[in-house]
Amino acid sequence: MVKPVKTRGLADAIAEYVEDGMTVALEGFGHLIPFAAGHEIIRQGRRDLTLCRMTPDLIADQMIAAGTVRKLVASFFASGSAGSLHEVRRRIERHDPEPLEVEEYSHYGMFCRYQAAASGLPFFPLRSYAGSDLPELNPQIRKVEDPYGGAPVHVVPALAPDVTVVHAQRADRYGNVQMWGIVGAQQEVVYAARRAIVTVEEIVDEEVVRSDPNRTVIPAHAVDAVVHCPGGAHPSYVQGCYDRDNAFYRDWTPISKEPARLHAWLAEWVYGVPDRAAYLAKLGDHWPAAVAVGERLSQPVDYGRRLA
Amino acid sequence: MTVIPTSEPDDSVAVSSTEFLAAVAARELAGKGRVFAGVGLPTLAVDLAKRTVNPFLELVYESGVCGAHPEGMAEGIADSVLVSGADAVVSMQALFGYVLQRGNVDVGFLGAAQVDRHGSLNTSVIGDWHKPKVRLPGSGGAADIMPNAGECIVVLRRHDPGALPAQLDFCTSPSPVRARASDPRAVPPGHGVATVITPLGVLRRPDKFGELELAQVHPGVSVQQVRENTGWDLAVAHEVTETPRPTREDVRLLREEIDTVRLYLR
Amino acid sequence: MVKPVKTRGLADAIAEYVEDGMTVALEGFGHLIPFAAGHEIIRQGRRDLTLCRMTPDLIADQMIAAGTVRKLVASFFASGSAGSLHEVRRRIERHDPEPLEVEEYSHYGMFCRYQAAASGLPFFPLRSYAGSDLPELNPQIRKVEDPYGGAPVHVVPALAPDVTVVHAQRADRYGNVQMWGIVGAQQEVVYAARRAIVTVEEIVDEEVVRSDPNRTVIPAHAVDAVVHCPGGAHPSYVQGCYDRDNAFYRDWTPISKEPARLHAWLAEWVYGVPDRAAYLAKLGDHWPAAVAVGERLSQPVDYGRRLA
Amino acid sequence: MTVIPTSEPDDSVAVSSTEFLAAVAARELAGKGRVFAGVGLPTLAVDLAKRTVNPFLELVYESGVCGAHPEGMAEGIADSVLVSGADAVVSMQALFGYVLQRGNVDVGFLGAAQVDRHGSLNTSVIGDWHKPKVRLPGSGGAADIMPNAGECIVVLRRHDPGALPAQLDFCTSPSPVRARASDPRAVPPGHGVATVITPLGVLRRPDKFGELELAQVHPGVSVQQVRENTGWDLAVAHEVTETPRPTREDVRLLREEIDTVRLYLR
């Protein structure tokens, strides 16, 4: 019996866990978006996925353009500062080249769906939808009576993806994952999902993790594969490692506006590279110079040690 | 109803529409404690407010950042500059559940494609949801913020009957009027939209269950002009004031200290 | 307009916020138990409190013996390793010297009550009670139908204390509170309560807090008073500062068994000292030698800083 | 039903009841992944299991500690030694909601004052709840663990009709049998109590909706003796084995490495 080491190659992990037709959640709220994993899913030619992401961002635009996605479950249909996701809009507004099924929530609604599944509950209550048109067109948003005599409360159903991929700063080889900065829905989606792959900037010695156990957002028992994937969140960012590539985000708008340019981009930057290392090499001088950050270290805290 | 001019011509400085809206919005934050700020124009407004009318305004973002002290201008609500040096970064459950839904946010700062007379917002679609003319960003946090923030301020970049229609194409974030209509027991804790700032004036909704009314017109704008550009028969406050112009210092701060790269300023 | 500084003396804060008849939650799950605050509440002669604590521990035994508490809302009626709380048992088993009203949950049930209140919800769902006798004798535990067709789900109602006191390692003077180790229900109970007092081992410069914003469990906006109170958790412990005083815990059993001894103890250690500093001084050589811990520092993480 | 002796007399070493129970319980953890451990006898058992049959057993505590690597013996489920050097310390919602209620705990390790034939537990009161003869600790996490852990192991320090009664004085933590009886749709995901270890033998419940049956008797104990000391007509497995005695190494580890201060060992 050995303690399970969960380090894997990204292509291996995606090949093993992501199948056509699955419900796949790629989370990361502006921060730590698992781009490398999304590109690998495209490269492997997966089809008919139900893609769940609170903020679809460029990665959804790319995966949808590549024909990977049948349905999008989300709560914000644009990219942070960069505006429209034109592939998403073409699909929805003009069914061009084909329709995209959409299930729409508010941010907290999406998060509560993950929380429900992560908690083994059929639903989760929230206060967001009284009077909104969202429940009318989304029959998944329902109500329960308040047994304490108050107004009925809206609930959203558990969302348990078949598989999720998230990105983080570091993990040990057993899969204890630490992240800092904006942590989004990552802990919840990993517990919600049947399988979880975590890509990380750095695989560290378990003593690094164990020096600060409160920083472990995802314990190893919830992780199926941990993948060493530096730069795996580009063009989004990793707090303390590299910053958001805002130039890249701005460039996406004209690219995504024209399907021909978009497909040329996919051919060059996704299909045309074997893996993330090659993608970073292809970025050349741009990486990591354009997104480098200065140092701002946390002050250590003392966990103490019992004296003999 | 009378229009009372309040701005001094000497203060005047040539400003863009964005600068004007940001400065007007910043002033609305005087005396407020905690603001839930979105990206874009709200970013400019909260920064300007902190440098002028409200230095200790607490900035809360749906990404989980509470008490941001950004060293540079944020390019999004999840920007790394909001995290570095913040007072706190909390979980989404803590942010949406404990901070927002528990009632710890005084002001929600929202944008919208459409606002109706009661301050319900559409940020989802123009046209039919199933095959819309324009697919808009959707709720994001807006449907969560509207019922739960103490009040909401909305900034519109257009003032015409399309942006302020009699009927929304879709209601993403409902006013308390709509919430109560859906179920008399479902009255949200928050006031809903209290203030709408447009390129023509400022509409206010003093009554939680009332209608928006025109409270301010911007310099050079008439009450009649505002009413003609609104999709319903807009009520007008007993006294309508003229919106004070941005000060030279407001404009200097926006251009030289806040948005030096002209990301949001136009 | 100035940024509100919330540092206060403990006696002041308790006098201002804790009134007779209030519902008061003192949380801290084995770790960071706010003993100094409990003793101050006793000293100020508060009466008829409804005391909420998942694990009542010695502090509840002491407060009940002092006549402070009318009702106990809890989920574990013993002290971690030390066994029975004899004052609690006398009250419940023999109504000696008078009865104690009790409302009983499981741990997760209590925690969900705080979560509901912290989230502004009327109730919170959980999966713990089907077939248990707990819901039959506690009418606060109810059920809602599952609108997605599953079995009904048990719910517990929001518990919003009038005031809560928690203890932590450090805070800045504005009330941004950082803690590590076992964090218990502290974040939830602070948001659940109308007023929150936080006692801390150390008041630190805000730059210390801001060097590690993910460590801030309780943001300043949720805190009404922050009190510098070193040793405020003795005889429980503070991770990295001092260890649990196990000898003290073991000594409590014989003390609490005899009401006369218990009252003599209160006279000497609570009524007989003006504040926590005097209490620590009275512990003499025992403090802090018997509970000292060695150093085990967390490795710092980098939050980064945007390059100009 | 036949009793099959399995232990070799040569292995025998004089052991206390606590040592015996801890060693038997430790063996039950062979092949298990993640155990939710309480304080006291479970502390000894999980530590011994990690040093013998299952070095990579993951220890989870209701205080939020996952993957504890304690440098000393824990004096409680919230002991600082469980935190220092642990893989993770998570929030209570993560621990009870995500780890436990989601089904990530294989074995819950519980104590009880009373166990009934279906493995329902009483840890609340002896006598009437409103004015009990003995006020026990109550649920703690037990009522949360029972329905949600894959299975539960219970260790009893007494085996008599008071501890194993026909009727519990109070049901704190219900077996799936009681849960289903309360509502046919409310079947919990977990098996409930699978194993009860007592000073006389080991009872097992192979069927999620079945009764406990006597599976092992400790050396020197007869089947008849166990049945006479049980408050109901205890079923007996087709083959009853004799419990293997603790090995000399088990006892050495317990005394010299695990509980050197004799906190739990008696």
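Think of it as A, B, C and D in the order they're written, each chain with its own count starting at 1.
We take it that a contact is a pair of C-beta atoms (placed from the backbone, for glycine too) under 8 Å apart; a residue touches a chain by one contact, two chains touch by 3 or more.
Treat the numbers as computed from the prediction; the structure is a model and nothing was measured.
Asker: Which of the two pairs, A-D or C-D, is linked by more C-beta contacts?
Answerer: Between A-D and C-D, the larger count of C-beta pairs in contact belongs to C-D.
Asker: Write down the chain pair in A-B, C-D or A-D that repeats the interface of B-C; the criterion is over half of the contact pairs matching by residue number.
Answerer: It is A-D that reproduces the contact pattern of B-C.
Asker: Suppose each chain is reduced to the average of its Cα coordinates; what separation in Å results between chain A and chain D?
Answerer: Computed from C-alpha means, the inter-chain centre distance equals 40 Å.
Asker: CA centre of chain A versus CA centre of chain C: separation in Å?
Answerer: From the centre of chain A to the centre of chain C is 36 Å.
Asker: Please compute the C-alpha centroid of chain A, do the same for chain B, then give the distance between them in whole Å.
Answerer: 29
Asker: Residues of chain B touching 2+ other chains?
Answerer: Touching at least two other chains: 65, 80, 83-85, 89, 91, 93, 97, 101, 148.
Asker: Could you pull out the residues of chain A that touch at least 2 other chains?
Answerer: In chain A, 115, 120-121, 126-127, 150, 180-181, 183, 187-188, 211, 214, 239, 243, 293, 296, 303-306 touch at least two other chains.
Asker: Return all touching chain pairs.
Answerer: According to the stated criterion, the contacting chain pairs are A-B, A-C, A-D, B-C, C-D.
Asker: Under the definition above, what is the set of chain A residues touching chain D in their complex?
Answerer: Touch list, chain A to chain D: 1-4, 115, 117-121, 172, 174, 176, 187-188, 191, 206, 209-211, 213-214, 216, 219-222, 303-306.
Asker: Touching residues of chain B toward chain C in the complex: what are they?
Answerer: Touching chain C from chain B are residues 33-34, 54-56, 58, 65-67, 69, 71-72, 80-81, 83-90, 93-94, 97-99, 101-104, 148, 189.
Asker: Across the complex, what residues on chain D touch chain C?
Answerer: Against chain C, chain D makes touches at 39-40, 62-65, 75-80, 83-85, 89, 91-93, 96-97, 100-101, 120, 124, 129-144, 147-148, 170-183, 185-188, 263.
Asker: State the interface residues of chain A toward chain C in the complex, per the touch definition above.
Answerer: 120-127, 142-148, 150, 153, 155, 157, 169, 178, 180-181, 183, 208, 211-212, 214-215, 239-241, 243, 292-307
Asker: Help me check something: in the complex, which residues belonging to chain A touch chain B?
Answerer: Those residues of chain A that touch chain B are 29-31, 55, 74-78, 80-81, 88-89, 92-93, 95, 104-109, 111, 115, 126-134, 137, 150-152, 180-185, 187-188, 237, 239, 243-244, 246, 293, 296.
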